[in-house]
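See structure below.
To keep things simple, chains are lettered A, B and C as they appear, and every chain counts its residues starting from 1.
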Amino acid sequence: MIFFLEVLIGGLLAGVMYTMVALGFVLIYKASGVFNFAQGSMVLFAALTLVTLLEHGLPLLLAFGAALLVMLVLAVAIERAVLRQLVNAPPMALFLATLGLAFVLEGLAQLVYGTQVHGLEIGISDAPIRGLPLEVSKLDLFAGAVAAALVTVLGVLFQKTRSGVGLRAVADDPIAALAVGLDLPRLWAIAWAGAGVVALVAGLLWGARVGVQFSLSLVVLKALPVLIIGGFSSIGGVIAGGLLVGASEKLAEVYVGPLVGGGIESWFPYVLAVGFLLVRPTGLLGERLMERV
Amino acid sequence: MTERAALLEIEDVSLAFDGVRALDHVTFRVDRGEVCAIIGPNGAGKSSMVNVISGLYKPASGRVRFQGRELRRARELSGLGIARTFQNLALFRGMTVLENVELGRDFRGRASFFEQAFRLGRAAREERRSREEADQILALLGIAAHRDDIVGRLPYGLQKRVELARALAPRPKLLLLDEPMAGMTFDEKRDMCRFIVEAHETLGTTLVLIEHDLAVVMDLSDHVIVLDRGRKLADGPPDAVRRDPEVIRAYVGSFAD
Amino acid sequence: MSSDVTAWASSDADEAASARNATGQGQAVRKDDPPTREGLPRQPALARRSLALRIASVVAALAAAVGLLTVPLLVTDYVLSAILVPVLALALAGIGQNLITGYAGQLSVGSAAFMSVGAFATYDVHLHVPGIPLIASFAAGGLVAALVGLIFGLPSLRIRGFYLVVSTLAAQFFVVWLFTKVPWFSNYSASGVITAPKLVVANVDLSSPGGHYWLSLLVVAPLTVLARNLVRGRVGRGWMAVRDMETAAAVVGVRTGRAKLLAFAVGSFYCGIAGALWAFAYLGTVEPHGLDLDRSFQVLFIVILGGLGSIAGPFVGAAFVILLPVAFDQIGSAIAGGSVDPGVLQNIEKILFGSLVIFILVKQPAGMVRIVENAWIRVARWRARPA
């Protein structure tokens, strides 16, 4: 029983990570209606920037701030150079463009920062806390807290601030938003900047756990099942999705994995997502779509 | 006067969207060979009616019968000989005019997948016939010159004609036209009228059309149905409907709102 | 969300605006595109061409065939092995991908998975069925790939639009995992590597670079013709109708479910055969990770660059994708006066391809094929101008 709980907790913690990455996706989806495939590369880029600055001797806070600035500039540049050109494009074209973007960012990141794995020390240990029956480290708790904080902040921003409300309007109906006089480019820039920030935080936490390496951008693909299962439109859904994916993936790996040689984690969440789509096309907490002919 | 067989029967159809009554116990029939117009102020439920007839919306109650048989889903339409156009144009914008029109008849194709892949006998013949028939319709509607143009790039008026051509391609028994003349100039409307009349007379197609231009309606139709706020207000020949005080009130009323 | 990139590329208008614009006169036309073929001499349909012209085109086709066949006599082994064969294989995969995504509008990132299935299935069939001709093994490999594609395409019956990508994404990861974990597929070799069987067709040994090229040509050319026939007929029209507006397609009588599944099956068949070619005619050996998500993206890029919804497009795209790194290597060595770090080159290529994809999507979504076609039309217009 303890073992089951351990695996479950481990899965939930991984789920926290997925949730954070997925938040970045949700921000951009809510604002531009596009699944930003380049989110993973943004996480990688952010993490690499941070790590490199740290390795050059900058104190953590300063490095974080500088990396934040870089991400903001990058995000706005992306919005201006790519997204704005594709304003009227169908979703598929936008998605394919973010695919191209992902490649550009990956190539750039590795060109500028090199391909070796970097360890990331942020002063919080990843060793299991002594005395607890389950394997939970300070880093895990910290990550959980940060994720919770991030989610709360975003939730508040979306509901209370003018920009947040504006973003929701844009996600709902860009043309109506324009008609009401909302500054679309500015809102998009805000959304992308936000995604950049989230990418940095996710990169920081993830890098602290497993080191900053190239596979980060692939792992981030798992955010797609998270969003499909949780629904693209609500933050609560993202959390639910993230936890579900993390937990189920770990559980499947541990309990079913040995029967088939292990490694199920690589595809299980996607198959789960397909199953969800067949049964509940809009996710656990997503909205239902109506098509008017 | 001989009794003409009813082609289309709408029996007590009701439809609601999230509480808004789009159609309220509507009943009428359309006889074979007639031109029936559905008119009414905005929001009367005209498009909803056509969407129900074409199986795109499922009515909350009531049924639609075509040639006596109940009509349920959109994909039954072509096999039964029913075709339609859409208010907002439902063209295949990435394809050429010719391809769009050919699609109207494609459901009749019998050649198998392999025959088509290898362009063998039956497939080649069907393709040729398909092209010839499509070319005929294009000529009839005066758009032969745009045969190989991508539909998405054509001006609106031409696109409307392409959609009509696609609907006519299979020589349907019943043609549903949802505002076929919306957004057209006077000349375009005149041409469209002519095409519709020609189609009716040459092919013997029964027409049901939604139209706002009352002059067109009075001119073209044998039978007019007036809807207002989902309910049927009037049902009869154009002259009678035109003089119906309820109808006048509905239209004037809608202006006053 | 009804239009696909190709439809949008051709229409170039804000769909929402045109739908609401009841009095609109015209569609916004992309400024580089000639709006219609108006004013240009019309190409007569094949049946109406004069006999002389028909004979001329047959002769031209034969000449082209002969030319293609004699290529090995004209170029080096390197060009054959490192350029022509992979281009042919990737182009075939691109055709398969294009049928699914470009024509039928179903988003798929599983082309490498289907290629992998084709390669492994061909290998296993050839290994376990004594005396089976190579071409039959290839066909069997393709059929198995078609079946797998069909299975992972089933969700398309319920799921529309972008979300569908998760199904082929699952396929991609699953296939890599399966062939790595289950040793039977690779005949119990270490890490799932399979090697090419002896390439002999009709008692002719095709092991040389020239032979590899002929095998590829023998496979790719007829399949290309078949694909072309399909897309120009009812099947292709049905696919494009589903892509452009599925609801209207159903109204017009297209069996939309059947069309989608057919696209997945045929498209995966092509990818499967391409995978077998890639593994056996090009690489010689292949491991499951060699046909991973990156490869799927590469095929997707080929299709985008060449032109979504075109049969010729993948050839252009594949040529680009294969030749660019080669060109880069040469340029790099020339500039750096020696060989450049392959990692650096790879990253520069990534940046370049990514940028190209974005550029094409922004400027000319119908791909390079359309760019060439427009240039052609412009030349024709210029020559047809009144004196």
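The rule we apply is simple: a contact is a pair of C-beta atoms (placed from the backbone, for glycine too) under 8 Å apart; a residue touches a chain by one contact, two chains touch by 3 or more.
Just so it is clear, the structure is predicted and the values come from calculations on it, not from any experiment.
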| item | value |
| --- | --- |
| Chain closest to the middle, measuring from C-alpha centroids that were averaged per chain | C |
| Distance-maximising chain from chain C - centres being C-alpha averages | B |
| Centre-of-Cα separation between chain C and chain B, whole angstrom | 39 |
| Chain A and chain C: spacing of chain centres that average the CA atoms, whole Å | 32 |
| Interchain centroid distance [CA atoms averaged], chain A/chain B, Å | 48 |
| Set of chain B residues in contact with two or more other chains | 56, 86, 88, 90 |
| Junction residues of chain A, two or more chains touched | 293 |
| Of all residues in chain C, the ones touching two or more other chains | 3-4, 7-8, 15, 247 |
| Chain B residues within the chain C interface of the complex | 54, 56, 74-75, 77-79, 83-84, 86, 88-95, 99, 102-104, 106-107, 109, 111, 113, 116-119, 123, 126-128, 130-131, 145-146, 148-157, 166, 170, 182-183 |
| Contact footprint of chain A on chain C as seen in their complex | 1, 3-5, 7-8, 14-16, 105, 107, 155, 158-159, 161-163, 165-167, 169-170, 173-174, 176-177, 180-182, 247, 293, 297, 300-301, 304, 343-344, 346-358, 361-362, 365 |
| Chain C partner contacts - residues on chain A that touch it in the complex | 35, 82, 85-86, 88-93, 95-97, 99-108, 110-111, 115, 175, 218, 221, 224-225, 228, 260-264, 266-267, 270-271, 273-274, 277-278, 281, 291, 293 |
| Residue ranges of chain C in contact with chain B within the complex | 3-4, 6-13, 15, 18-19, 21-27, 29, 33, 35-38, 45, 47, 226, 229-230, 232-235, 237-238, 240-241, 243-245, 247-256, 262, 309 |
